[in-house]
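Each of the next two complexes has chain A plus one more chain, namely chain B in the first and chain C in the second.
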Partner chain A sequence: MEAYYKEITDKIQKIAYKLLDEGKVDKIIGFGKGEFTDEVTPVFIVNKENVDKLLFSEKATPFLAKYLLNYKDEKVAITAKPCETRAINSYLSENLLQRENLIIIGINGCRGIEGNTACKECDVRNPVISDYTVGEELSDEEVSSMITNVYEDLENMNPEERNEYFQNEFERCTRCYACREACPVCYCEECFTDSNQPFWLDSSTQLKDTFTFHLMRSIHMAGRCINCGACEMACPENIDVRALSAKMYRAGEEIFDYKPGMDPEQKTLLAEYDVNDQEKGFLD
Partner chain B sequence: MLKVMNEKELKQFIDKLNNDYKVAAPVKKQQGKQEILEYDYIEEFEEIHLEEQPDKSPKEFFLPQNEVLDPEAIAKSNPEENKTIIFGVRSCDIEALRVFDDVFLDDTYVDPYYEKRRDNTIIIGYSCPHREPTCFCDQLGISPHENKLADLYLYKFDDKYWIKSINEDSEKLIKDLADGDEDLFDEKLKNKKDNFGESDFKFNMETPIPEEKAFNAPIWDDIAEKCLGCGVCTYYCPTCFCFNFFFDEDDKENQKYRSWDSCMFSLFTKHASGHNPRETQGQRWRQRLMHKFSYHPQNYGGLSCVGCGRCVKKCPVTLDIREALKSTEEYLKDEGGAVVED
Partner chain C sequence: MNNNENFEPKIVAYLCNWCSYAAADLAGSSRTQYPPNIRVIRVPCSGRIDPLLLIRAFNFGADGVLVSGCHPGDCHYLDGNYYARRRFVMLKELMTFAGIEEQRVNFTWCSASEGSRFGVVVKKVVDRVKEVGPWQGFDNKGFIGVDSSEEEGELTGGSIL
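So, the complex of A and B:
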């Protein structure tokens, strides 16, 4: 393991050991290695003797923040990438979690995760909420120099080209819902696709049904998507799922100067109204 | 019947088959940023890639993810027309057809849609060139080297391809090729088997896993702790066959459809009343594991996991069925049962 990640890993293990030893938390949610594979996988540590299973590296592809919603009433600690700290802020702002039950070990200076294109666009590379941090912070200048516009080509396409692009992408969709399940902010108690009373959508993979699911989901993402790339990382068909929600993310930023999950007190974009809000695209 | 070919002759053989039949084989496809390997109909021999495990099994050739159920069309069709050959199928994926046959060609009900596709397909197996880190077929009593459920089996030793017929019907396909030396073949196959290596994961459980001991075991929530609840493991599984029906209008009329479903989804068991007998992901994982290692063996005799490892490879959080089996085994061992002692 590269020295940079080795140092972060050592620190995570030390903090985790201390938290379990002192009884501050019952469980640590972190990244670890599988028993029979080298892939990085989520691990749930309850015994301080097992903290050596924890690690962090550029291969830490899973997203952990959503697991917190399974432990609402337990005292847990989590190792969180900066994007995951934004998800945690969203949960706190919607009263889904209690801050006092939660210890956040934030990862400073995130260089991005292998294969995740969202990381190339990311301008929040230090945790926005944490109790402990590990790793070196990145300065604003360093962060700006790391940003590239992933969707420039897509933005420059005309509507017909873009339609063709999305048709080619989404015709591979198997409706496995990995994007939805991996998404840290897709946490409706019942997704419209899981309702049987009424029944909204057939379980088919005909393009009309696949598009209905993805377009409905992306509309629900407005003001919520933190542009973390969990959806594209989870997709087993390598579909550019993020293109849709990232558009919502950029629209929120461009029109309302709004970035979700930056503060636990922040209201979600659609929960707040200001008479001076631009109404771009509305009746014009 | 045993025949032997060099690569040029194999090409001629496949090209000839492709004239008489439709040949499907593992081909590379660009998927956005990544290249994947999946079964599709080929135009020419050069498209075929045999060396790595395909990302998907040929399951969709037998059970398409979506299909219109049209009893009239199926009654009229003739299986001898447009026969398909699926070439280069690995032993695990061939074994999966045994599971499908159990279910869809069951004595009590034969599924006409499956039956037609099955009758319409010739399988040419391919002896695995190497183990993938996620493979464990050898632990489930399946040989990665050959499988009797295929019609023909292809082996590659050095730069020669050997092909063996498994049933009489398929002999006619290879009768014109040059004869292979049986003793030499046996020696080469033995050598390959001796050097192939074994899975790190060891499966020592007695099957079917005893339902009465495992069903209420306090292990399932821990096994499923990191499960996201998506359907990836089931959709990429070569043996998962569960499906759903729905009616949908096409251009003309209302049609009955069948589409894949997944026991990992909450909707899978949700009743119209709103009650869900499998409320937690742990219960759903128990169903998945027990179906493969307890219920299917109870009903039909064989396991319904073939150890291909795709569920591990494709899972967004790498939830490893081998670790789940190990937990189950450890629990049952402590409870004094269902483990085969070494």
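So, the complex of A and C:
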């Protein structure tokens, strides 16, 4: 293991041991070694003897933040990548979690996760909320120098080509909802797609309905999506499911200067308004 | 794109009860002429309109949608249209990015006294939709698990309506 990750891993283990030893938390949610070589899976540590199972590496693909919603009434510590701290902020802003029940071990200066294209676009590489941090912080200049727009080609296409691209992608969708389940900020009690009162769309896998599903999912995530790439990594058909919600992320930033999940007090984009909002695309 | 001379688009119009619906009424009682292509759905406020409803209209084969609410500052419920405005801006960004012609997605403000303006708006929207032709559905490229280049035309998905 690289020295950089070794150092982070050691620090996480130390903090975790201390927290469990002092009885500050009931459980630690972290990354651990999986059954196969190099695989990283979520681990839930309750005994302080087991903290050596915790680790962090560039293969830490799971998103742990969503597990917090299963332990609302327990005192939990979590090792969180910067993107996950943003998801935690949205939980806090919607009163899904109690801040006092939660200890966040943030990972500073995240260099990106293997196989996640969203990390190339990442604009927040230091935790935005944390009790403990591990690793070295990256400066703003370093962070902005690491940003590349993955979807530049797609943006430069004409609408017809883009439409064809998306049809080609969504044609493979089997409506398994892995993207929905993986998304850290997708947590409605009843999903619009499962609802039959009101009824939104057929649960078929015809292109007509899969395309509609992805459009609906993306507009639902507008102003929530933290552009973490969990949906894309979860997709068993390798569909570019992030393209639409990443567009919503960029549009929110460009038009309304809005970045989701930066502050626990922040409302989501569509839950507030400014009287002087611009009316882009309205008829005169 | 406009291959059908006699194409009469079906446009779903979501009108706010307090302004645009009354404007449509005024347009009627003052005998303003406007194209009969809109199907009006009366809603209590433009803030009532979930963007999913508009996407769903396309799923069901509408050629275009029109949303008309009260001018900013005039909302019957004080701020419903401010919320709506953000939603529609984001929806339009999404639809355009997904390659749906921007002419099909129309938003405007129309107060209860603007009967003649309502006629002008409807005419404009109908012209815009006519410009891009009939809605071919989200599946118009014929990707149904086969190479579309060979069986062009035959496998083109249709709309429900």
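In this section, the second predicted complex is superposed on the first by the 270 of 284 C-alpha atoms of A that agree within 3 Å, B and C clash if a C-alpha of one lies under 4 Å from a C-alpha of the other, contacts with A are read in each partner's own complex, and residues count from 1 in each chain.
Keep this in mind: a residue touches a chain if its C-beta (ideal position, glycine included) is under 8 Å from a C-beta of that chain, and two chains touch if they have at least 3 such contacts.
Quick caveat, the model's predicted, so the values are computed rather than measured.
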First, second, both or neither for A:194, with chain B first and chain C second: first
Which superposed partner A:182 touches (first chain B, second chain C, both, neither): first
Touching partner for A:35 - first (chain B), second (chain C), both, neither: first
Chain B versus chain C as contact partner of A:220, first or second or both or neither: second
Chain B versus chain C as contact partner of A:206, first or second or both or neither: both
Which of chain B and chain C A:23 touches, first, second, both or neither: neither
Footprint overlap on chain A, comparing chain B with chain C: 206
Residues of chain C that touch chain A when the two form their complex: 51-52, 55-56, 58-59, 72-73, 79, 82-83, 85-102, 105-109, 121, 124-125, 137-141, 143-145, 157
Touching residues (chain side chain A, partner chain C) in the complex: 155, 159-168, 171, 192, 200-201, 206-209, 211-212, 215-216, 218-220, 222-223, 244, 247-248, 251-252, 255-256, 269-271, 273-275, 277-284
Footprint of chain A on chain B - complex, ascending: 31-34, 36, 65-66, 133-134, 200-201, 225-226, 228-232, 235-236, 244, 246, 248, 257, 259-262, 265-267, 270, 272, 274, 312, 314, 316-320, 322-323, 326
Chain B-touching residues of chain A, taken from the complex the two chains share: 34-44, 61-62, 67, 70, 115, 117, 169, 172, 174-178, 180-182, 193-194, 196-197, 202-206, 233-234, 236-240
